[in-house]
């Protein structure tokens, strides 16, 4: 049953992908015929269809198999991007772990003191409107003065993006148990901390996992942005920056690096999905 | 009621004041250089000095953020409605929505600049739309989908068709989910608009004020601009909350648990 | 229109109805098997039986919310589908199923709105209905501001608003406490008497079935079949009836039928 | 330790207890007023009364989940607080309150875990308890995989696991259908007889109160007071008892007391 | 440290670790430093140099002033504004003697090489302080504020290629080459220099000093060891640049080895143009010419970007002079008087 469903999903994704490519090429073809106008009218198309603005999808995929010089060696683009993605994944993983810890600590802090909840929650929101450009120098300077590599600074930037959904949803999750469940723990004369560990944290999991999924993609975004912001030798962010600078001469490369970033995002999303299944759902299906 | 309002306004204000005081104190005591992290008092001074420029820049950026936000919301809701109607699309499109969401703005902005042009506003609006659209689409879709089967059965018992069910059940049911997505999307629209401005376009916007002052390590001006941006974000967040309250009278009046 | 040859006094008539869920799959369930049931106009029928025996399924067959796998269901001599399209019945679910976003009178007016009644007519009818269920003062409240019992009364008012000839109720009082429940039972009987509708009532409660019905239908599970039908005659019932030995005897009779069902 | 002068046979003794919620504010509620109640060891007491009359509040006072505004509550001669810290009672809530993420035996072991029992001891005890409530085969199931009645039995097993001398139950069978409910009542009586604990049982159901209790305490609302105490003596009860005229008489007595309460 | 006689000989008692912050990612613009690391030149000066690449949000002079790095590469005007903000930094070697910034337009647009023709045009620039020369040039040409439209550019040259803007800012060693590596859809061949017109600020007279090595003023004043390191670092760097002048191909390799994603012909072009900005150095490489310095300060103060002229501590030739002494002792040619730019052929995509 679930196998069949997975197969169907994979199939629909594939079909959507094919439709998307057909749409891309169809639009491009139409624009080429009509000199970027809607057929039969004088109205211009919103996006022009030359090979620089919209490279052929085939060229983009072909780019993935072409070689690129990376330092002392020359690699196929897929391997090159995979290596960069691996590095970014590492940063994202650190950022994600730290973000989850910070988010949970904040959530627990706000759970414990109602005043803290009211006082901090709006500011946690405000924090996300502060652009990284103001924070990156502080983070990097701090990390460098401590003697840490820049990768730590990048992970901290990822942390800054990931802690937010975890703190907000975590708080809601920790507050989710029924008052009767809390009373039950109270009736056992359980301490605040054992109530937290035995009741609130497990009860928060249905709220936490969606937040983790969001946080996971955000940790990738944060790492890429951090790489671009701080500057590293490697990572997908670096690839995107390099290729973005060279868009005018080699647009296919930017597209392929963006595709790599999206795939990495999907991958971490999938990882959290799998973790959720392991932690919450396995063995607990309701037998009908 | 009045009591409630002070109770919900006082703590954040207090925390804000204490936070700023700690910030000011830390910069002073640890002799943190102002070109790294300026004092709130210097930021305030710059805010006053540069008010005319900042106000204009905030207004220009605000227009892009708000229009992008509105279009993004519209698009998200529309797509949610369509995928709800045609379930197959949902399976196919959700992974793409996730993929777009996992694509950082810095990667999208250069491409959108090429697609939609550098000199107009649409390339930046498109970045805002791409960022806003995702939470609206996912949440609203969830709200439209997760309807109590009883309510559907009730409508069937009235011999209602899909459209009536959509209007009478699914849409009202999705409102709280939609409202929740607005809370997320509102601050996001501001940051997206600002970051998009780093990649070119007209130069009288808040993102340019931030980059050009940060480029010389004039971080007091940069932070003054950020304060304006945060204000804009808070304003949009507040509007989202007000819209939520106005559009769902049954929620505030009924929820005893909320108090 | 082809005149139907069946007796028009028959409100519901079910012949050899089967219902199989998820046929030909791993989790096939034979929910109902060979159901024959006739309900006369003006009857008050209760369906009772262990959990999962198919009570709700049977009610949904009558409501045309489910289609029988075999056999036929007629309502007022028409197909169940036609009866649904004609809005011949009103339905009350276990959970009141009110829409949170509509206030009390808007909830009651919902079916009338869908039928295209004018605003004035709708308001007049909803006022009438609110009077019937004694909630006049609460017309502008939202469901969440009402107690469970009040919500259930609104739900009944909604089902009655367009004067259906048949009322289908799936454990409508399940969520209420005993005192409110007993009160609602008396109310329902009053409404039934006043409006003369036919009622099919699903319940888990033996005293409730005995107190309300002119006939109690006991179902046996796996697959759901009709085990027995018990006719009750308590005359005109009031709260006093519950202390009447005849009522006590009726409950005992139903209980024994149920015990036989469970044992089998 | 100061020796307590009260009779040690008294399991619960409440003197002139008041409970006011949100005192001195707009939404002040006088939930209980001047409650005097003595419960002997080994008693089975039911609390019954209209919704909102303060039954749950009274139970929570005994459990020290709430503190009385005035008056005193003693449990086994100690303060209620001391009794809670000593884990002298087990509590069962209306909704089973099992933790979804723990399987059946882990749920039962929860209070033992909190008391720091060793793993082996916990497992031994949970096996014993599962036997008592007849769910041995379900030890590895998760709550959602069980029916409501089974969940409620797990919840009772959990409350009994550390052998409390007092069992406080707040409408434990409220969510069950009538047949399961009657079955659970018989089970509860068996457990009560076998373990000899004292039970304080909140219910909405008149037959349930009459069937289970050695004494039914009827509360009147706004503010909650004790209206009357009705002693019931049905001897050793079984399913047959429900068809016994003595049972019928007891229910009638309770119903009349309740009606008097509602009228006032 | 090392004793006087041994400086630059690779004969070290101990090695000092030093970090250098660049303004941008690895490319031939920084070839001298990469070559000095990879070819062991810094080792000869008993230095272990770590090069930190720049990022979009990293301000090198700020990293230097906050103590996170030991030296930084930054443009003079930007660094001076930061200095006015309280960053205690000193220019210790002016590596680029000339400005590499151009304003590029299409030959057929009629803008040519005269900034006055930018009136009424859409003028691209990067912001971030890269626009000083442009603004000053327009002012000097009598093009008043508001009579042209300033438009921010992305990193790439698409806005010019799509003719969305009339003139784009470009570094002669990078973006300008990018245009020449792109295919002209009309001809199917690469664009040629004749398709383009350039405004060169060196010719207009508003050019400002660009890449220089900056050191911490506070540490120079208080730490003799840092002074010593500064001299050795400047010497090693200049030797690296001299190496690149004489062995351009080797330096392109060093840059590519360090992971630049730019293609080989593009890097060759860049190396050639960078050399052209450094050599010849009439006063010796790295020497800060007071004329060029004054022009830079004047342009920046007139525009108001700088409030006042910096104090005399903003630059010093003390360390360059010491370094040049060492280099001449080693026989390194530091004037480059015989320098002649080569002609580099760009291939499609810069490969």
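In this document, chain identifiers A, B, C, D and E correspond to the written order of the chains, with residue numbering beginning at 1 in each.
We adopt the following convention: contacts are C-beta pairs under 8 Å (C-beta built on N, C-alpha and C of every residue); 3 or more make two chains touch, one makes a residue touch a chain.
Everything quoted here is computed from the prediction, not taken from an experiment.
Taking the definition of touch as given, a chain qualifies here only if it contacts subunit A and subunit C alike; those chains are B, D.
Across every pairing of chains, the maximum count of C-beta contacts belongs to A-B. A separation of 36 Å divides the Cα centre of subunit A from that of subunit E. Centroid to centroid, with C-alpha atoms defining each point, subunit A and subunit D lie 50 Å apart.
Measuring from the averaged C-alpha position of subunit A to that of subunit B gives a distance of 17 Å. Subunit A has residues 52-53, 133, 137, 141, 228, 241, 244, 247 in contact with two or more other chains. For subunit B, the set of residues touching two or more other chains reads 36, 106, 110, 114, 198, 211, 214. Chains touching one another form the pairs A-B, A-D, A-E, B-C, B-E, C-D. By the touch criterion given at the top, residues 60, 63, 65, 84-85, 87, 89-91, 93, 95, 97, 99-103, 110-111, 114, 142-145 of subunit C touch subunit B in their complex. By the touch rule above, subunit E contacts subunit B in their complex via residues 56-57, 59, 61-62, 65-66, 78, 81-82, 85-87, 122, 124-125, 127-130, 150-156, 158-159, 162, 164-165, 305.
Per the touch definition, subunit B reaches subunit A in the complex via residues 7-8, 11-12, 14-16, 19, 36-37, 88-89, 91-93, 95-96, 98-108, 110-111, 114-116, 187-188, 190-191, 194-195, 198, 207, 210-211, 214, 219, 222-223, 226, 229-230, 232-234, 237. Put simply, subunit B touches subunit E in their complex at residues 33-36, 106, 109-110, 113-114, 117-119, 197-203, 208, 211-212, 214-218. Contact residues on subunit D toward subunit C in their complex (touch as defined above): 50-51, 147, 177-180, 204-207, 239, 242-243, 248, 252, 255, 258-259, 262.
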